[in-house]
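So, here come the structures, one by one.
What follows is chain A paired twice: with chain B in the first complex and chain C in the second.
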Partner chain A sequence: MTRLLKILEYSLCSLARRKFKNFSIIIIYSFTIAALASILLLTHSLKEIAINVLVDGPDIVVQRLAGGRHDPIPVHYAQDIAKLPGVGRVNPRLWGYYYDSLYQTNYTILAVHQDLPSLEMVEGRMVAANGECTVGQGVAKAQNAEIGDELLLINSTGVGYSCEINGMFKARSNLWTNDLILFTEKDLQGFFAMPAGLATDITVEVFNPREIPLVAEKIKRLFPDTRPVTINEILHTYESVFNWRSGMMLTIFASSLIAFSILAWDKATGISGEEKREIGILKAIGWDTSDILTLKLSEGSVISITSFLLGISVAYIHVFLLGAPLLVPVLKGWSVLFPPLQLAPYIDMYQIFALAFLTIVPYMASTVLPAWKSAITDPESIMRGW
Partner chain B sequence: MIRTRLFLSCIAFLLVVLAILALHSQQGKQVWITQELAANQDLVARLALTDLALWTEARYTRHPALADFFSPFQDAPASFEHFPAGSIIAPRLPAVSTTLRVRKRPLGGSR
Partner chain C sequence: MPPIIKTQQVNKYYNRHRADEVRALADVSLTISQGEALALNGASGSGKTTLLSLIGGMARPTSGTVSILDKEVSRLPERFLADIRRQTFGFIFQQLNLIRDISVLENIQLPLYPSAIPIAEMNRRAEEILTRLDISTKARLKVSALSGGEQQRVAIARALINRPQIIIADEPTAHLDSSLAGELLEILSELNREGKTVVLATHDPFVSSHRLIDRIVRMRDGRIIGGATG
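Showing the complex of A and B:
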């Protein structure tokens, strides 16, 4: 133990002699780990939130296809679907997208039944009558509007349309409602000039979750021009969106990993003349090869463990306390109404251990290997060589 | 041994910071589960929502779960892409369980 502590003391002295270089390595190494860990934490948290909340989403969403494209679906399809065994409530949904050219933002407008009870996530009242609406925080911010103000839009016929904002979704539901506007069904039909008897899609409740694929199959057989999307497919989408194959992971994660590999490779292939001379002198004064390897392992551990702990802490603070400000521009794309990220701090310890294994072990190996090559060489030839 | 003591103190400090962050994570998650999860689930169930309102730039990024994955060239993430968000969403590829190989029988050959 004393021997190890003495070697550690010596390795710290040795690192301190090249403090600028080693300090720079710690900064770059920590930054790389912080970048990698930020993406892992952000995507895992978003995935967990999506999957945990969406389990209560519609069991099946039935879309109609025309010419390979999504098309409004006749409402009478719902009556036939409701007759299938095991099927509960079947609701035609009316919704659509609206581009606000004044504020250059896209909104999602959804129609709700007027008798829908108030939700915990709504401040004020839910939309209860024609001429009223409930909006998300992003919409209110874009329009600089508050509860009681009028929301001004232009309908499908090019005529100005206004409705009173009588409710606003709370900030805690921003991930789901930031760009959402709720209208009554009649208002939405008028706004989008949708013909009566047509809906955007149909949601289907299935009593037994194990029967969902079977019901979807029956719907497809009953109406071959439809595409039923099951809840499992919706959940699977969010598992895929934030998995390692997603573009975000591939671009940032891969580039950080490549940067780290270059750092480790540089370390593995090049050992400075000064370090070689140091190894030669240590061998000449009686150090064993194993002592030198322990020394180099200790140097590598000091740098990699310090960097890892720093990097992980910075990543956590960046993602969960500061709302990932450095990743939001990448994630945001051209979305004008991007919700502020106040994420539930879900952490996958497996990912953290995998990250530790992928970064600490290669760095330590890359520190030890060149030192081992020098340590097994005759000290005289090492010292003559510098 | 002063450097060793200093280094071990630094590591201990970083470990304490990490432990505090782990505690923060546990508490934050617990608060989210008890105070927000049920309300968000209720919201999603009542309004029949299917997607996160993250990317509002195109319909297939606003509703990736309902996107037309079968439409060539335009309406699926990671296809020929116009919007930046589409490039960072992974495509949901179907798993192929059966493959068929069709070959023409050579002229004049037995098979």
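Showing the complex of A and C:
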């Protein structure tokens, strides 16, 4: 143990001697880890937020298609769907998109029943009467508004519209509510100039989750002009979208990983004459090959673990404290591009360990192998000054 | 005195079975007694350094045997050879081979890092040797900040830190002026008087004629041509 501790002490002393070289390696190494970890943390967090919200969402969303495009659906479809066996609550929804040219942001406006109970994720209270609204954090930030202020918009006929903000969604539901504005049905129909008797889509609750695909099939048979979208399809779509985006980004950043690998390999195989000489001296005065390897292994461990922890910390700060400003334009969905979104810190430890394995192990190998090659040569060379 | 080093019919080839094959040592048999101070003398290329390397466990003979303290070491695995180098020998190299950007103290303690000796004992030994060689005030300085003579003392201190029985020195005065060379030989004489065996390679007549030397072994073309027996 004493022997190991003394060799570790010497390795720290060795690292300090080559501080500029080692510092530059740590910077490049940390940058690579930070870039890769940022992508992984961001996509995982987005997926987790989406999944956490979706699991509490409707089991099926029924849309009507006309000419292959989404079209308002008659509200009476809901009554027939509700009669299907195994179906619970059926709710026609009214919603639409709004572009606020003044603040250059996109909002999603959704109508809710006036008698809806207040939700735990809402600060203040839910919409209770015409002329009121509940907004997401991003909307409030974009408009610089608080609970009790007036929200100013322009309706579909080009006329100014205002409503009082009486509730605001909390940050943990941001992925879904950040750009959301809740109106009463009557206010929304008036705002979008939508005729009565039509809804944007219909949500369906199914008692037995295993029957969701079957109920979706029955709805399709009952109303051939509809497209029932199940919760699993939505989850799958989200997963595919984020996986595709993260895959694309990882491919781009793979080039930086390759550049880093080249640097590590070059550093390792290009073990300097001074380092070779030092290995020779140590061997000549009684260090064993395993002592040299312990020395180089601990040097490599200090550099790689320091860089890894630094990289992960930078990634955490970049993604969860600064909101991933360097990756957001590529990795987030368009509807949440504006207004800005504060991410919740979900971390997949499996991804972190995989990243550690894929970066620390190759670095250690590229550090130790050339040192081993030098260490197995006879120390006679040092005797002769070769 | 009992023999401490014994070589029997030692041959050493470099680049064996190749066009540029070199026979560095040819049938070298030599016995060195405990406490003896022996000089290997010969021109450049005569095989002095090769013989020192074999005796010091830094290389292995192509054929023949090398015994240290009655133990045949020429076929030992590398790990055991490293232990023997660290526990039995103190090396003073022609080029000094100090690590220039670490302190004098760290340089001196280098042979003890891979040992089980506690740090407190390492420090005590280093302090003792630094005082003895009159460089204790330089302990925290980097080697690169020292004069040639001081660096030579650091190299000697490093050779002594593990309390070796045998001191091996290869052309120890090659880069020293006559005053520093005399000083070095005096230190080696003192160590020899304390019972340490000294084996050095030199072609410097000043060294060969010094009162330190008990016996001169003459070498030419890898062979011993005189002084093989004491």
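Before moving on, here are some points about what is shown:
Criterion: the second predicted complex is superposed on the first by the 262 of 386 C-alpha atoms of A that agree within 3 Å, B and C clash if a C-alpha of one lies under 4 Å from a C-alpha of the other, contacts with A are read in each partner's own complex, and residues count from 1 in each chain.
The rule we apply is simple: contacts are C-beta pairs under 8 Å (C-beta built on N, C-alpha and C of every residue); 3 or more make two chains touch, one makes a residue touch a chain.
Note that the structure is a prediction, hence the values are computed from the model and not measured.
Residue contacts after overlaying the shared chain place A:Asp56 against chain B, while chain C stays out of touching range.
In the superposed pair of complexes, A:Thr306 makes contact with chain B only, with no contact to chain C.
Of the two partner chains placed by superposition, chain B and chain C are both touched by A:Cys13.
When the two complexes are superposed, the chain touching more residues of chain A, out of chain B and chain C, is B. By the document's definition of touching, of the two partners only chain B reaches A:Arg172; chain C does not.
Within the superposed three-chain model, A:Val229 lies in touch with chain B and out of touch with chain C [touch as defined at top]. With both structures placed on the common chain, the touch criterion links A:Thr105 to chain B but leaves chain C unconnected. By the touch criterion stated above, A:Asp378 is placed in contact with chain C alone, chain B being left untouched. Using the contact criterion defined above for the overlaid structures, shared-chain residue A:Arg3 touches chain C, although it does not reach chain B. In the superposition on the C-alpha atoms of chain A, the part of chain A touched by chain B in one complex and by chain C in the other spans residues 9, 13. Per the touch definition, chain A reaches chain B in the complex via residues 5, 8-9, 12-13, 16, 46, 49-50, 52-58, 61, 63, 68-70, 91, 93, 97, 105-108, 110, 112, 116-117, 119-121, 136, 138, 172-180, 182, 201, 203, 229, 233-234, 236-238, 240-243, 245-248, 251, 302, 305-306, 309-310, 312-313, 316-317, 320, 330-339, 344-347. Here chain C touches chain A in the complex through residues 49-50, 52-53, 56, 58-60, 78-79, 82-83, 85-87, 89, 91, 93-95, 97-99, 101-102, 106, 110-119, 122, 158, 162, 170, going by the rule given at the top. Of all the residues in chain B, the ones that touch chain A in their complex are 1, 3-4, 7, 10-11, 14-15, 17-18, 21-22, 24-25, 28-29, 32-33, 36-37, 39-57, 59, 61-62, 64-66, 68, 70-71, 75, 77-78, 83-92. Taken in their complex, chain A has these residues touching chain C: 2-3, 6-7, 9-10, 13, 17, 277-278, 280-291, 376, 378-380, 382-385.
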